[in-house]
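Structures are listed in the sections that come next.
There are two complexes below, and they share chain A, which is joined by chain B in the first and by chain C in the second.
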Partner chain A sequence: MYVAAKGGEKAIAGAHRLLAEERRGDPAVSEIGTDQISEQLGRAVDRVMTEGALFDRKLAALAIKQAAGDLIEAIFLIRAYRTTLPRFGYSEPLKVSDMRARRRISATFKDVPGGQVLGPTFDYTHRLLDFALEAEGGARDHSVELHSAATGDALHDDPGPMDPMPRVLDQLASEGMIEDSEAPAGDVVSPVGDITREPTEFPADRDVRLQTLARGDEGFLLAMGYSTQRGYGRTHPFAGEIRMGEVTVEFMPEELGFPIEIGEITITECEMVNQFKGTATEKPKFTRGYGLGFGHVERKAISMALVDRSLRCRDLGEEAGAPAQDEEFVLSHSDNVQATGFVEHLKLPHYVDFQSELELVRRMRAEFDAAQEAKEEIAKPEAAE
Partner chain B sequence: MDRSEERFVDPENAAAAAVVADVRQRQRWLGAFARCPEERLEPLLTQMGRDNRYTVLRAPEAGLMMVRARAGGSGQRFNAGEMTVTRCSIRLEDGTVGHGYVAGRDKARAETIARLDALMQGVASAQAEPIVAALETEIEALAEARQSKSAPTKVEFLTMVRGENA
Partner chain C sequence: MTAVQSETPRAEADSGYNFAYLDEQTKRMIRRAILKAVAIPGYQVPFASREMPMPYGWGTGGVQVTAAVIGSDDVLKVIDQGSDDTTNAVSIRSFFVRTTGVETTEKTRDATLIQTRHRVPETPLSEDQILVYQVPIPEPLRFLEPRETETRRMHALEDYGLMHVKLYEDIAHHGHIATTYAYPVKVAGRYVMDPSPTPKFDNPKMNHSPALQLFGAGREKRIYAIPPHTEVVSLDFEDHPFEVQQWDNACALCGATDSFLDEVIMDDAGKRMFVCSDSDYCEERRAAGHVGEEGVPL
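Right, the complex of A and B next:
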């Protein structure tokens, strides 16, 4: 039990002043702008947008600055802010096939229509610290190198539009080698679960699971996904396709009665291909896991796809027993704002609570002592005999 | 619709088709105003009639829109997370109502879009068309330019055959 404590206002105000000073750091160093965070710490912004479950780069950059780079604190700020805004409605489902992909890779097929496009990636870097970045303005201009090295003579050529990139898993689907990913019948009218409106009930449907995973903590989902690879509920995953790029968002305002485009967002998607044994009535075929996040959040999208697939064990009639297959365990512990709220509340004053515990332990100790003494009293005459 | 097809539709259907075409064009300009570079809107407002007086029906307000997606891109719908959106509605003195919707929290832009939406409804579709088309072309070009930066990162993975170099 937590009992509220009073007082300490002056100290709290002082602590917050000191926090502001610490956040600012050495005044001799120029202050960081939210535009710099947005432009130069993009992956941090993406994580805050994804786990804050709100696409708005400017707000995420502001939250990161205010939180002095503590990303879970920044996510908390975003979640708190969103509660102050009215909800206008729901978008039309994203047409991810129309994504302007800036990165698109498949680990299952070497030759995919549209090609393998690495895009901006940390993959294949040597993970050596680049001390040129330490010096202000000292970063090498990679843009020129990239063009000359990769395309040789095409240095000054306009690379032109990219080829269309049909979804990789559609190839497998056309052969019937993978389960269908069709919208269920009556999909347009059936309700879609929304965890921001209704508390989660178990067993949860896949819509609720995906929404929960989409905002779930990257570290938690990474660990859960990793556990499935190490054998705790193995799903034999392959990254069928990973995409990152821009999609247009459509919304149908009631007063218009037709959908309109309101802007575009950057998303990362991962489609996992997993094995499935088949049943007495069904041929063996591959199954799917799906991950999606705001911005460039590849690790998160891959982890999410692994966990999504693991949580489908019940739907696929698989034996469940591993932590990543335990829907209630995974969904109840994936949200870092909820988790940090409960874990970190331990540091708040629990004086009254602890006093009662203290008294209880004192009483128990006294009882223990009394019992010991009584035993000794009984033992004494026996010893004398 | 293709012009050659248009000749064969009966007048009643032709009227319905015209309404559909108008709606389609309005959809397109609302999308273009929301997605084009911000600096295109003010000159356009001047061109369309900045001095037209209007009443604000719904003051610009920022809110949330839940982004829907589908499992695997085409399967069951789910709520992926929210985004910020700003909307505004205005009415011109002639009674035409304009609506503005734009991603983000730019109130001035939402109001400008609402005004442009109302003003565009007052011109013939043939007059509106080049304006919409020009914006669409620019949006497309910018999107393509951004995407084509990834073109030099396209790889051809080669399967190494043993003894190939021998």
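Right, the complex of A and C next:
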């Protein structure tokens, strides 16, 4: 019974037993291994790592198993674990230009140095259920054939020796057609913020905004980005470059004084090219929106880049008013662990507050009735006359 | 055979689905919307867009329109950015091959039905052809007024002042109209219409075209049309007449100076090449002996 939840230790223990039972499902069906989740539900693992803000496939797979596939719950588990980890310091900035890219596309140019590489993608598959996958042993997915047939010669997905892949936006930058990605030399550069160590203050700078968006809920950013495309704060976006692959992480221990490689992570990066009409003092040029996430998280990276660009409206002196341009609105509501906690807290007992409300509403209703009666009393003799 | 029964698919089509994927009732619903759209040129007809096996924004509107009008003796061409070999065009073409078994072509002249994204073919179309456009945002006033209730009222009252003010502001700020694609047009002297994100270079081709032009927007659930031989005027001002893009270059492969050119980056030193966006047009010119600066005779 719900009422027993107040201090009902027995009830809680019972509920958790039921949860464990439900998570396991029919014991006649073999139990799923975390290695199977990591290998075969990779996109779920990637999302949990990105929004959980911790690159660890094993832990993310475990969280997904423990959360019975509820990804926000899994993200929550990872965040709660992450917070217990000691911090050694910050890595060196990733050299994304040196990525061993497994996928790299540009929507702005038909061909680019290094080529368009489709890589593993749902794009151009037909969303027809493949019933062969239902069969045990998993027959070969025919969409795979379709996909490779669609790539043709021009779009090689053979991972052989790769041509260098200079950044597409650098091409525009060399012509001065797009704003610089780095602060001009000589500018005072303030240290990068850290939202896990400092509470966010508004107005926030772009470093803090990007960190918040990187761990923000995919669905929320998707909807926010989508709203800009539908006219609520239009930014004229083009996907200049999307790349996914492996990059090396370097760390500089203070005692060594030079950076050492500590591992490799998979990331997805999206560099958006957006229009900027210029001002009285500035030439028209293209501007940037940026998205980055762990693993293969393209939807997230693209959405993030759209929202990043929208939130730059203030810096670029643009008219603002749409939800996606409202920094405080976006940053305060993008974190799904915060959001789910507060939304779901409505399940907690609120007897005391509700009792006060009950009492108040009863009193107001009584007062309303009394006032009505009094009015009628006054009206009566007049009606008689 | 009654009207709702399936058309007989060709032998090579996937027998698990109806001809052209959609069921016959759905096709009739879409055809009714198309007929209404043809009867009121440029007017956006709402229709009960279906979930399709490709994502919204990737041509679901165009695919539904094509599925509703395609017959087993049609010859289909699918282009994206002017080219038959772009990935999404390949994907959509293979979808229709799989679900209809119709003959396909890359030649504009040979096609009876052309589905396109972002371009109108350079080769002039004929009365025997239908051009189906994939439309992401059908509402030309959307970026001036995000609310559908408002924009429908504006269309009903022919209240296009806001659009003219926007174009005027462009001229005031930049000295010219700063819209290069999805450039608004007025159809048959009544409705302002979004030509879909085709470059404005293609707008003149829509005017008095002998082909039927159909526009499908799946996510936004709208169909609109330009019937054959209909006046399509790009919005402008007397002292700032509409102009299309010009290039300093000719196509590097076929030497064309009258086609829309794509810029291709050749290396990281900034070397560029300009080539026809319409791959069939380029091919046809090269076959006829035209050679561009970097082309080789076929």
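One rule holds for everything that comes next: the second predicted complex is superposed on the first by the 352 of 385 C-alpha atoms of A that agree within 3 Å, B and C clash if a C-alpha of one lies under 4 Å from a C-alpha of the other, contacts with A are read in each partner's own complex, and residues count from 1 in each chain.
By definition in this document, a contact is a pair of C-beta atoms (placed from the backbone, for glycine too) under 8 Å apart; a residue touches a chain by one contact, two chains touch by 3 or more.
Just so we're clear, the structure is a prediction, and the values are computed from it rather than from any experiment.
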* Asked: Can A:113 be said to touch chain B (first), chain C (second), both, or neither?
  -> second
Practice item. For A:123, decide between first (touching chain B), second (touching chain C), both and neither. Key: second
One more residue to check, A:171. First (chain B), second (chain C), both or neither? second
Task: Contacts of A:55 with chain B and chain C, given as first, second, both or neither - done: first
In this superposition, the partner of chain A with more touched residues, chain B or chain C, is B
- Item | Contacts of A:132 with chain B and chain C, given as first, second, both or neither | neither
**OP:** Mind working out whether A:18 is in touch with chain B, chain C, both or neither, as first, second, both or neither?
**Re:** neither
- [ ] Quick one: classify A:92 as touching chain B (first), chain C (second), both or neither.
- [x] first
Interface residues of chain A shared by chain B and chain C, listed 110, 118, 146, 150-151, 154
In their shared complex, chain A is touched by residues of chain C numbered 52-55, 81, 83, 85, 87-88, 90-91, 94-95, 98, 137, 142-143, 145-146, 173-174, 178, 262-268, 270, 275
Chain A partner, complex, touching residues on chain B are 23, 26-27, 30-31, 34-35, 61-85, 87, 89, 99, 101-105, 143-144, 146-157, 159
Chain C partner, complex, touching residues on chain A are 109-113, 118, 123-128, 146, 149-152, 154-155, 164, 166, 168, 170-171, 174-175, 229-232, 234, 277, 284, 322
In the complex, the residues of chain A that touch chain B are 49-50, 53-56, 58-59, 82, 85-94, 96-97, 100-103, 110, 115-121, 146-147, 150-151, 154, 158-162, 167, 169, 180-184, 187, 192-196, 206-208, 210-211, 214-215, 245-246, 248-249, 251, 253, 255-256, 258-265, 267, 269, 271, 288, 290, 292, 294, 308
